[in-house]
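Okay, so subunit A shows up in both of these, paired with subunit B first and subunit C after.
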Partner chain A sequence: MISTENISKKYRSELVLKGVSTILPTGKIIAFIGSNGAGKSTLLNIISRLIPPSEGSVVIDGKKTSLWNTGDLAKTLTILGQSPQSETRITVKDLVSFGRFPHSNGETTPDDERAVAEALNITGIETLKDRYIDELSGGQRQMAYIAMSVAQDTKYILLDEPLNNLDMGRSVKIMKLMQKLVKEKSKTIFVVVHDINFVSFYADYVLALKDGILKYQGETESIMRPEILSDIYDIDITVENYRGKKICIYYK
Partner chain B sequence: MPAFFVQFIVLAMLALCSLFIGVADLSPSGIFRMNSEQIDILSISRIPRLCSVIVAGASLSVAGLIMQRITRNRFVSPTTAGTMEWCKLGVMAAIICMPEASSAMRVFGAFAVSLAGTFFFMAVAGKVQNRGIILVPLVGIMMGGVVNACSTFFAYKYDIIQNMAAWLQGNFSLVIAGNYELLYFSVPLMFAAYFYADRFTIAGMGKNTATSLGLNYKSIVNIGLVLVTVISSITVVGVGNIPFVGLVVPNIISIFKGDSVKNILWDTAWFGAALVLLCDIACRVIIYPYEIPIGVVLSIIGSFIFLGLLTRKPRHA
Partner chain C sequence: MRSLKQPFFKTFFILTALALCLGSAYLFAGLAEGSWNYNIARRINILAAIAVTAVSVGLSSVVFQTITSNHILTPSIMGLDNLYVFIQTVVIYFLGTGEMEMMTRQNDFLLTLAIMTAASTSIFIFMFKTNCANVYFAVLAGLVFGIAFGGLSSFMQVIIDPSEFSILEGRMFASFNKINLPLMGISSLIVALSSVWIALDFKNLDVMTLGRAHSVALGVNYEKIVLKTFVAVSLLTSASTVLVGPVTFLGILIVSIARFIFPTYRHDILVPGTILVGICALISGMLVTERYLQFTVPLSVIINFAGGICFIYLVLKLKRI
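Here is the complex of A and B:
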């Protein structure tokens, strides 16, 4: 279980997170929503120990992040940053194999090979495994990085805007993959998503941030309400029902 | 493996050429009828020269490879980061402070100064890297120029410019048995690089990816920098400044075999050795029976390839 205690983050004099305290559920897709600059990415980066909080602490499975050995934490939690861009020219298979690094430390075992093969399979990129990542399309590259996180086989998977710059088809594919990981492998997935309708259809639980404050949190159903969403995004949002799911309409 | 076999044959043929080129008469056909003088030439001069060329070429290429990964910039190398210039300054400082300094002391001087200098470069590079990938090597070259000017100034002041000339231009013609063996210390460093190969590749994918995979990014970068500066220091003290090898070789290998350090370490070392050996042979035959310093030839070839790499269009949009 992951919980945060009164996290604040200050960049120079600007407070981008203001005292976020929460207990996050497990075995679900948990979406972080909010407008640009609301502090979603910052919160995700602090939870995953990529950046230290200015105040407060994060507790992962009963232990503060500052007390975790970073190598051990990498077996429990992985984070994929916003549109990972790398100058490094390596093959998809090599990239996905790096996901095993926390377990293997470079000495690949048959277990590691099985995990890599499975990650390639579940993300549907087996046919790309010998291609260089700099020769792939944006969507394929994103999938390859996700496959690396899958191969890492951690309890918690944190994804910062994985749908960035992807078409609807690929976005749906990625969200379905997440559902599969939650259902079949009982992972807990934290994901920053901008398209509110993707959240409505695929997320189980929502954290809504505004100006660095955690304003709402709860089951997706309870957050998909016009007054809440209008408050979060500062625009008028109408919520309609469609086959038992909520659809948000914000095009004017 | 056929590729390995071809590489071995190429290197062996170049090595044979290297052994039998020179003013003193020595030919492959007479190899079984050598007099003692010829055996001496082979064992005191030709074989040491061959070994020093191979070790220097291979280790500098590996150093360049490590540096490109940990700086995440394919235009950075011991030459373009100014590391070589810091090494020269360090050697000079060692000579001025202790005129009788042994080679080991000189290496230590070069290492201490170049490590500090390269860390300084990394700090500056960190500040400018968002303003374009080309700016980082430009800053390194510029800083190297300033350091070089300082070295030259002190060399004049303490009247050791004659001494300095030996490292201003790399040169294998001074290598004889007894004064080059220090170079062999680069060999275990290449094995160390292999041990850390995956870590360097992962560090090259950025701090966040490395941290997410449980690596201590800072310590990997520091280990890489120490390896690079030790290799550079040993080379500068042993045979002088061998420019551009660390820049050109990993880039050419990358085009064919990618950037995964583990996959390309052997190819990089091999190609570095073969390239420097080829250039060394060229240096010895172009104005036969005289010699051109290899630094000159490599500077010319290297700067043209560097230009080519700079103007090469990126592989993806």
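Here is the complex of A and C:
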């Protein structure tokens, strides 16, 4: 279980995160929503120890992040940020094999081979395994990085805007993969998503941030309400029912 | 991750054979009966210095590029060898000859080394903490640092006492034709120890090719290894600079050739590859200056000429992306 105690983050003199305290559920897809600059990515990065909080602490499975050995934590939790273009020549299979690094420290065992093959299979990129990542399309590259995180086989997977720059088809594929990981491998997935309808259809639980404050938190159903969403995004949003799911309409 | 090693075996074999051929050509060709003893000793020393320099420059350039996530910077391009010359000038300037005579050359070197390591590590940390993402900024700052330290050294050398300057001159302006022999032992030792120290982290450095975020997510103790690498890079650069003097564009030349021959992220392939390329490049250069140009052009000029062209090419290529 992951909980945060009063975390704040200051960049220069600006507070981008103001005293966030929460307890996060497990075994679910948990979406972080909010407008740009609301502090979603900052919160995700603090939970995953990528950046230190200015105040407060994060507790993962009963232990503060600062007390975790970073190598051990990498077997429990992983984060996938927005991947910058890399100059390095590396094949998809080698990239995915890096996911096994916390477990094997670079000496590949049969267990690692199996985990890598499974990750390639579950993400559907087996055919690309010998291609170099700089030759792939944006969507294929994103899938390769996701496969690396899957191969890492951690209890918690944190994804910072995994649907960025992807078409609808591929976005749906990624969200379905997340559902599968939660259902079949009982992972807990934290994901920053901008498209509110993806949240409505695929997330189980939502945290909504505004101006660095955690304003709403709860099951997806309870957050998909016009007054809450209008408050979070500062525009009028209508919510309609469609086959048992809520659809948000914000085009004017 | 293992499967990649096989295809490079042939390349390694060819490069090693080439290095050995060049080495023996340099050692034995054109030896006259009368000057055998003098020449062979001199040539063995030069070959040893070339090997130490290739290891030091090759290793430091590859790992420096890994931790700074780019392919156009090397410690020398960041002005590190000029910084070394500057610190050495300052040490001699402030301690003066009187005290210098009491100090042995090695003590002088070790003192310079300590200051150098502290200074360069702080500069790196400061630069990459404040402006991490921008390669252009780093290139520019490095070149400015290099010119600034070079200028400051010349300034201090001008105002220094002439008798002290002659001591300084003997120690500082090492080149491949004027190797700093008294410090050969200690600089080789420093290069060997730093290499072993860094080689222990090759697996971690492989992961760090992916950048900071991925490395941390994969459980690499990123900050610790970056700091360690900066310290080792300072030690390596100091050792090669004291031995054969600054050769600014050697690193970029050999790393770029090695990256072309060995397109891999793996340090256990890339580092030995770069070192072999370095040995071949330096011996060929030495053959050209000694045998064809009759010492009219120093080796560093030839290397900087080729390396400089390579650097300009890389900068232009970067612009296209």
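Please note the rule applied: the second predicted complex is superposed on the first by the 250 of 252 C-alpha atoms of A that agree within 3 Å, B and C clash if a C-alpha of one lies under 4 Å from a C-alpha of the other, contacts with A are read in each partner's own complex, and residues count from 1 in each chain.
The rule is simple: contacts are C-beta pairs under 8 Å (C-beta built on N, C-alpha and C of every residue); 3 or more make two chains touch, one makes a residue touch a chain.
This one's a predicted model, so the numbers in the text were calculated from it and none came from an experiment.
A.B. asks: Looking at the combined model built on subunit A, do subunit B and subunit C fit side by side or clash?
C.D. replies: Here the two partners, once superposed via subunit A, clash with each other.
A.B. asks: Regarding the shared-chain residue A:134, is it in contact with subunit B (first), subunit C (second), both, or neither?
C.D. replies: first
A.B. asks: In the overlay, answer first, second, both or neither for which of subunit B and subunit C A:71 touches.
C.D. replies: both
A.B. asks: Using the touch definition from the top, say if A:176 reaches subunit B (first), subunit C (second), both or neither.
C.D. replies: Touch partners of A:176: none, neither subunit B nor subunit C.
A.B. asks: After the superposition on A, what does A:99 contact: first (subunit B), second (subunit C), both or neither?
C.D. replies: After superposition on chain A, A:99 lies in contact with both partners, subunit B and subunit C.
A.B. asks: Would you mind listing the overlap between the subunit B footprint and the subunit C footprint on subunit A?
C.D. replies: 48-50, 70-75, 78-81, 84, 86-90, 94, 98-99, 101-102, 106, 152
A.B. asks: Would you mind writing out the residues of subunit B in touch with subunit A in their complex?
C.D. replies: Where subunit B meets subunit A, its residues are 69, 72-74, 133, 197-199, 201-202, 204-209, 211-216, 254, 258-260, 263, 315-316.
A.B. asks: Note which residues of subunit A are touching subunit B in the complex, please.
C.D. replies: For subunit A paired with subunit B, touching residues are 45, 48-50, 70-75, 78-81, 84, 86-91, 94, 98-99, 101-102, 106, 132, 134-135, 152.
A.B. asks: Please name which positions on subunit A make contact with subunit C in the complex.
C.D. replies: Residues 48-50, 70-75, 78-81, 83-90, 94-95, 97-99, 101-102, 105-106, 108, 148-149, 152.
A.B. asks: Using the touch definition from the top, list the residues of subunit C that touch subunit A in their complex.
C.D. replies: Touch list, subunit C to subunit A: 1-2, 4, 70-71, 203, 206-207, 209-211, 213-214, 216-221, 263-265, 321.
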